[in-house]
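Next, two complexes with chain A in common: one pairs it with chain B, the other with chain C.
What follows is the complex of A and B.
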């Protein structure tokens, strides 16, 4: 068996390490590229959201590299992701690929976790579920460490003394991580790079903008589809705060466990005046996190969504009210295979200019009222 | 020898037109050029600088250069710009210069249209058209050409319309077929053009202005502001006067000029390559990088056969070579 999985930010690093420790042969899909998107667009329904298209592309590229088993998450969520695996199985079958699909449902109840372990047992061809539990926890640890590494980079980038220092380290990390094998090696490489990033010379008192990123998780964490938004903003002198990351998502899924804590309740409380229930995807989070960013006095919020994403369209219609109530500018960016980079960058630059001017104005006002 | 007058240059390289403005220290516009880009920004910049050199080189000293527009990166490399800014900021700055209490800017250029809202003299919100070119200058250009009248007379004809016909303006392709349809039904040319102007203004407001508060004073700028038909359509729909600022067609360049002045005030030196920029020979070569499946089209920019800049790659393998000040990975590891 050769297993593969779709890309979503740096999740592949944790998945690869865990499957390798299960003694399963892993085919990591090539990083998302124009070719991935072209393949996905060709075989996916036209108005399907872009994460679907990219994951189809990932599968095809992996299958061409020899993968025969696909690992996917899904299940009965209230957005299209729940239906991804069914449709993808059909598409790949129609293309004549002989593959096995293992689909994991969300892990928010003990029953679902038990089912997940049963599936893992099948993959690993073992009955030692205790070893699997230990490995599962290790996988989650990796996801959290990767989040921490990214947070360090995000913090250092706008404050670095030598332009490009963080980007160089990030590139070399992404290169080296391809050669590691299993949990131990992966963990130690992440650790090494965390130390390297912390050693980068920064100016800790530099004035930077604070921008929160909200929206659909895939568009927030996958740099290919958001044109490396985090990197771009960082290099424009912005401290970026992502409201959804893989680590935070896992935390929220598992926060019924006694040792796992998440910010979910806070976010739901913040969103409550605008939306009271889950309508699927990350809608409630988008609204709640925007409210929280506004209350924390952030300079602005960027709202990312894939074209035709139902839950985010609902959020999009609520956000102008939040924008007014909390007096926080929001830039909405809709992403799909048609999005042009030039217009995207123009909007980002103008938004950053606007936020600087607003901050200067607010500071002047404060000075005036004090005198 | 008389003292040379200090001046700033602002260049806006757009899809349809390339505009160059020269301003003195008192912010007076000394010279303004509106040239058609015609898909060849390098050639048109050279041509513009030949004209400028003739008119200005003997009397002024350029102390700062700002560039904007979709071709800003290219222009910045060619001219040695002191500041490179996006069009939204440039247009906002220029509008504030002429009408300090401006609250709304409608800007329609060749390929895109923007709505910029200002409060307390700062840009407060903006919107840019996303998918369709309907309502932009290039579409009007095409329709004028198809009907066979010069674009300069297009707007005036719209004013002669007595009963403008209703045109479906949501999409450029549908608008065109609807126009042809109305034409075949025998409607007057003036009424079709008048209807088109209204359709475009309506489309702009519903597309970009949805949910936004368009407060007066409203400025209309960009190349299409020269079209009186569109101006009238906006006034009708918004129920208030629309101001067309002086130099409306070259506002982006005016903004770039003002930004250059501000930038140079901080640094006190300019990177301007000189009016002779026009004399140098520029070549652009492009190739497809085959290093990864992104297959980026990398552009190499040469001045007199020397490589000066590269861009177009996603990973920075080529474009970052110009950043030589950043330490290498080995240096960081130590």
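What follows is the complex of A and C.
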């Protein structure tokens, strides 16, 4: 059995380590590329959202490398994600691939939890669900550590003294992580790189812009589809704050556990004047986090969404009001397979320029009023 | 003078209008329905909605603008779920927010929440919440709702009587959401045009609900959208009974539900049946001439099948 999974940011590192510890052979899909997108667009329904197209592309590329078991997270949300596995199974079957699919659906009934563990036991070839729980915790640990590593990079990038030093380290981390095996090696490599990043010479007093990124999780964390937005903004001298990351998402899903704490309640409270109930997807988070970013005095917010994403369209209608109420500029970027990089970069640069000017104006005004 | 309540002629109006109108009228309100969709409504809808929204949601905004200066209240229910275990669409659920943040100078919105995802116990509260805009009398609200519900059921029965008209013509199943099928401006009189071509039409609304639910159970996968269940159940019914001669799916550009359902429907029809299938995608730019040509070609093709298609195996 060779297992594979779709990409979503750096989640593949944690999944790979966990499955390797289960003594399962893992086929990591090649990083998302134009080819992945082309494959996905070819076989996916035309008006499907872009995360679906990329995951289909990931699967096809992995199957061609020999994978025969697919791991997918789904769940029954109000949005399309609940149909992902049904459609993927159908598409891959039509292409003539003989594969098995393990889907993590929303684990809200005992039967579903039992079924999920049974499937995992089959993969792992063990009957000890206890060992699986331990491994599950290890996986979550890795997700958290990876988030921390990324936060360190995001913090260092705009403040680095030698331009490009963070990017070089990131590239070598991504290269080395391919050769690690299992939880222990992965964990220690993340640790090593955390230390390396902390050692990068930075100018802590450098004036940087504060920009928050909100929106649909896949477009926020997957660098291919957002054209490495985090890296690009960082190199333009912007401190980036992501409202959703894989780590934060896991934390929110599991915050019924006593030792897990998330910011979910705060976000919901902030969103309450604008939207009262959960309508699905990340709509409430997009609105709530924009409000919070505005209250913290950030310079701007970038809103990312895949084209035709239903929950984000609702958020998008609400955001202009938040923009006015909290006096925070918002740049909306809609992503799909047609998005061209050059136009996108121009808009980002213009947005950053505008925010610098805005800050200058604000400071000038303060000085004038003092005189 | 009685209170004027405006109901936008859009989205689930086409499903529930007998219920909503009867309910508010029994409570003593004057119900004002927005004009039939016209060019002006489309334009103001497109203008007042975010670009990425689908055309039915844009039309809803247009209808709200149409009512804005004519009424005291506008009925914009937040529909999360109308059946246990099934959602509708995130955009329906965020509709009051979308309207409120996109259109200025609105009268008060009656934005009751209808959420039957776990059970329909909360429905009663929603009914009272809606009724309280007009009266405090709970008994009156209860009777009004019961009468309105009967009116709604009767309307459903009338629809079902149209099933299988006795005269012999080509039967075409037209699939789609009620608000695309019955908004004749949006679909450019498609149903009338088909009928003019000597065909009789079947829509998912004409099939009994238990039949649809029964067939929907055969689907391999979770159908958690009411519309998905209805449309896929209908198609599985067609697959088994083969009671029509052709299938037309009317979809709207950017509809999240249709992006999945239209694909599944097409797959089922192409893989398991020999029925001709046509997908028409509508948006605010659709040109009528192109649609006419496609419909005529489709009907011609159906008729040619009778005379030209031989049923003799080509293998001898």
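To be clear about the criterion, the second predicted complex is superposed on the first by the 359 of 371 C-alpha atoms of A that agree within 3 Å, B and C clash if a C-alpha of one lies under 4 Å from a C-alpha of the other, contacts with A are read in each partner's own complex, and residues count from 1 in each chain.
Convention: a contact is a pair of C-beta atoms (placed from the backbone, for glycine too) under 8 Å apart; a residue touches a chain by one contact, two chains touch by 3 or more.
No experiment lies behind these values; they were computed from the predicted model shown.
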If chain A is used to align the two complexes, do chain B and chain C fit next to each other or clash? fit
Examine A:320 and indicate which partner it touches, taking first as chain B and second as chain C; both and neither are also allowed. both
So in the superposed three-chain picture, is A:285 touching just chain B, just chain C, both, or none of them (first/second/both/neither)? neither
Could you tell me if A:155 is touching chain B, chain C, both of them or neither one (first, second, both, neither)? neither
Go through the superposed model and pick first if A:16 touches only chain B, second if only chain C, both, or neither. neither
Rounded to the nearest 10, the angle in degrees at the CA centre of chain A toward chain B and chain C equals 80
Just chain B (first), just chain C (second), both, or neither: which does A:342 touch? first
So, A:334: does it touch chain B (first), chain C (second), both, or neither? both
Considering only touches as defined above, state whether A:357 meets chain B (first), chain C (second), both or neither. first
Have a look at where A:86 lands relative to chain B and chain C in the superposition and call it first, second, both or neither. second
Rounded to the nearest angstrom, what is the minimum C-alpha distance from chain B to chain C in the superposition? 6
Chain A positions touched by chain B in one structure and by chain C in the second: 320, 334
Complex contact set, residues of chain C against chain A: 49-50, 52-54, 57, 78, 80, 87, 89-91, 93-94, 97-98, 101-102, 113, 220-222, 224, 228, 253-256, 258-260, 262-264, 267
For a test of understanding, state which residues of chain A touch chain B in their complex under the given definition. 30-31, 33-36, 162-165, 167-169, 171-172, 196, 199-200, 228, 320, 329, 334, 338, 342-343, 345-347, 349-350, 353-354, 357-358, 361
Along chain B, where are the residues that touch chain A in the complex? 70, 85-89, 112, 120, 122-126, 128, 130-131, 211, 292-295, 314-316, 320, 323, 325-329, 332-333
Given the complex, residues on chain A that touch chain C span 45-49, 76, 78-80, 82-83, 85-87, 90, 94, 274-275, 277, 279-281, 283, 305, 307-311, 313-314, 316-318, 320-321, 334
